[in-house]
Amino acid sequence: MAIMKKIEYAEAPPAVRAVYDDIMTSRNTDYINNIWKVLANDPVSLKRNWEAMKEIMAPGALDKITKELIYLAVSMTNQCDYCINTHTAAARKAGMTDAMFNELVAVMGLANQGNKTVKALQVEVDERYLPNR
Amino acid sequence: MAIMKKIEYAEAPPAVRAVYDDIMTSRNTDYINNIWKVLANDPVSLKRNWEAMKEIMAPGALDKITKELIYLAVSMTNQCDYCINTHTAAARKAGMTDAMFNELVAVMGLANQGNKTVKALQVEVDERYLPNR
Amino acid sequence: MAIMKKIEYAEAPPAVRAVYDDIMTSRNTDYINNIWKVLANDPVSLKRNWEAMKEIMAPGALDKITKELIYLAVSMTNQCDYCINTHTAAARKAGMTDAMFNELVAVMGLANQGNKTVKALQVEVDERYLPNR
Amino acid sequence: MAIMKKIEYAEAPPAVRAVYDDIMTSRNTDYINNIWKVLANDPVSLKRNWEAMKEIMAPGALDKITKELIYLAVSMTNQCDYCINTHTAAARKAGMTDAMFNELVAVMGLANQGNKTVKALQVEVDERYLPNR
Amino acid sequence: MAIMKKIEYAEAPPAVRAVYDDIMTSRNTDYINNIWKVLANDPVSLKRNWEAMKEIMAPGALDKITKELIYLAVSMTNQCDYCINTHTAAARKAGMTDAMFNELVAVMGLANQGNKTVKALQVEVDERYLPNR
Amino acid sequence: MAIMKKIEYAEAPPAVRAVYDDIMTSRNTDYINNIWKVLANDPVSLKRNWEAMKEIMAPGALDKITKELIYLAVSMTNQCDYCINTHTAAARKAGMTDAMFNELVAVMGLANQGNKTVKALQVEVDERYLPNR
């Protein structure tokens, strides 16, 4: 159970309903995920979080599926069960196949191993890879 | 300075040279990154690390640039300076533009904020997103 | 279930009972949290952990509620379910309202996003913020 | 050196200047921190980040100094050098004394030790601390 | 429930059975842990993961139990429930007593507290401890 | 440079000198590491930290070198440069060879990769490894 109550649409104040409506329209669904219902205890925070997500996750220089794969890789690294499950669903909806998921897990695991190994050995950045601006 | 000495090609034993040769051939370069030179103190580990990276980072269900973006997002989340710098270079070589880099940073930051917020509120996974197998 | 057995007061050796007594007196309660009962398998560790917590969490230059908010923010960042739940209770007992909790979550999430973004971009510390001692 | 160029006011496009002006006005300073100059490579991201920070860090149910202490505790836990240095300066400006800083470090360290210990022992949340909503 | 299906021996393709056979022989058991059954959805990844574990965890300059203690300390730091439980079992099988487990938890907790404290204070490495190669 | 001043012996108050004396006697050296000199700004914290370290790192069910290897593996996982360098020195003093260091790095890297992979796949703990107490 979440620490704060889940606010259902029927009992939500207008500011919360406006966000819920935007979520349902943008995602073409009639379902509101638990995270939004819990965030709704603080309507200003709900709106800020939703608008940031809507803006950042929209296709741009990177397409929808690539953004979902990146979000998922970070969530796996941070070991967030909620995020892994919901964003695996989102990535699949955006086109992620089982083969892509398997490769994502492999790259994510390799990076975690590599990141720690480099630090363990205190390897300094090769001069050629240092930014020059 | 790294904790272990960097092994240069000229002084490397055959097992290390074989890996260096494969790196240079596979990547079409005559440069060996510092991480490999430090790992070369343990030739078995060098070979295992290189072969895992070569196998995992090869294009498959995910293409080269997507894999590099995922690796980079994990390295940013883990805050590995060496990995951020070298894999930014690798991602650019694979086609990452500045606009793509900026969006990657935004998605990565959003995921970190989201991962921790969900845990802070102890939100349970929506039944519909739980795996059923 | 914890990896080690929970040691109840009735079966506890004197060294453990002394700590339990001090916990109950200091906190004006007759309840011992699970973590202490598990730590009690190692009485020396139990005593060291309890005394450090008692000393560090006592009001000083920072008051009780501020210390609890800081402890909670770290626990959220580390994603420790046990600590989030028990220290949310402790913070509420020290005066944390729902509004304060919501703002804590927002600041904590922002910091996580900011910390990773700064590293992702490899931003160097502004000269004026470097310690000069 | 940062991965992206630092955009100075003189060369900044109007959208970036507007944010810089708001930062300088809000903070009553004529100095723009490096992080904003690097984020300015993506004006939309700059604006979103600044507005989130301005909104979240404003005094509310928690006062300015408490928010800065929380931000700092998270940055210490995440080991972000840039954030530790800049937010130590910000916290001092908001009234943090050396004694408060020392206690912050102690609480933060204790929480990190406690968070990992609880997980190591796989201690389950006491029934009385589980949220009931 | 895991995100990918668990592949049982009876339904496994030859490449997966070969790894399962090697696991059972090497460990002198007829039980395959869940992690391998889930990884088996990607037989190449299964084989790579198993062979890396077999090679790295074999006794060498460090004996079996020391390697298990190190693996466990990292898993506790990363807060991986699955790994903590399975590697506690593995460490016990390799000779870890309750007293050793308690000391492991204490050292691991101390290191986590120490790591973060050092960073919080931005302490620079003493010249004498800097690697000179 | 550290955020707080380094307190040298000559200028230290008696409470600090007492700890410095104990460090030098216990470690049979006349050198005080930077971390203690910075912690000395808060003599109570200095004493608590030193006594915890002295008690926890003393040989017991685990010998000195095993404790140092565990401390080092955690420091590598947490990516603390200061701790990696000073505890590599401490581990070497306690008998760690280059071969042991290389194996430590390999096990630590493997654990990091494994921890994240298990979480990514949301693998549940095998019933037989669940604690039954």
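Labels for the chains are A, B, C, D, E and F, by order of writing; each one numbers its residues from 1.
The definition used in the following text is that a contact is a pair of C-beta atoms (placed from the backbone, for glycine too) under 8 Å apart; a residue touches a chain by one contact, two chains touch by 3 or more.
Here the structure is a predicted model, which means the values were calculated and not measured.
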Common touching chains of chain D and chain C: A, B, E, F
A-D compared against B-C, more contacting pairs: B-C
Whole-Å gap between the CA centroids of chain A and chain E: 27
Chain D-chain E separation of Cα centroids, rounded to whole Å: 34
Centre distance in Å when chain A and chain B are each reduced to the mean of their C-alpha atoms: 20
Sites on chain F at which at least two other chains make contact: 1-4, 52, 56, 77-81, 84-85, 88, 102, 105-106, 108, 110, 112, 114-117, 119-122, 130-131
In the complex with chain C, residue positions of chain E that touch it: 79, 84-85, 88, 98, 101-102, 105-106, 122
Residue numbers on chain C that touch chain D, as the complex places them: 1-4, 31, 33-35, 38-39, 49, 52-53, 56-57, 60-62, 66-67, 69-71, 73-75, 77-78, 80-83, 85-86, 88-89, 97, 99-100, 102-104, 106-108, 110-112, 114-126, 128-131
Residues on chain C engaged by chain E in the complex (per definition of touch): 3-4, 41-42, 45, 78-80, 131
Residues on chain A engaged by chain D in the complex (per definition of touch): 1-6, 44, 48, 52, 55-56, 130-133
Complex interface listing, chain B residues touching chain C: 76-77, 79, 81, 84-85, 105, 108-110, 112-117, 119-122
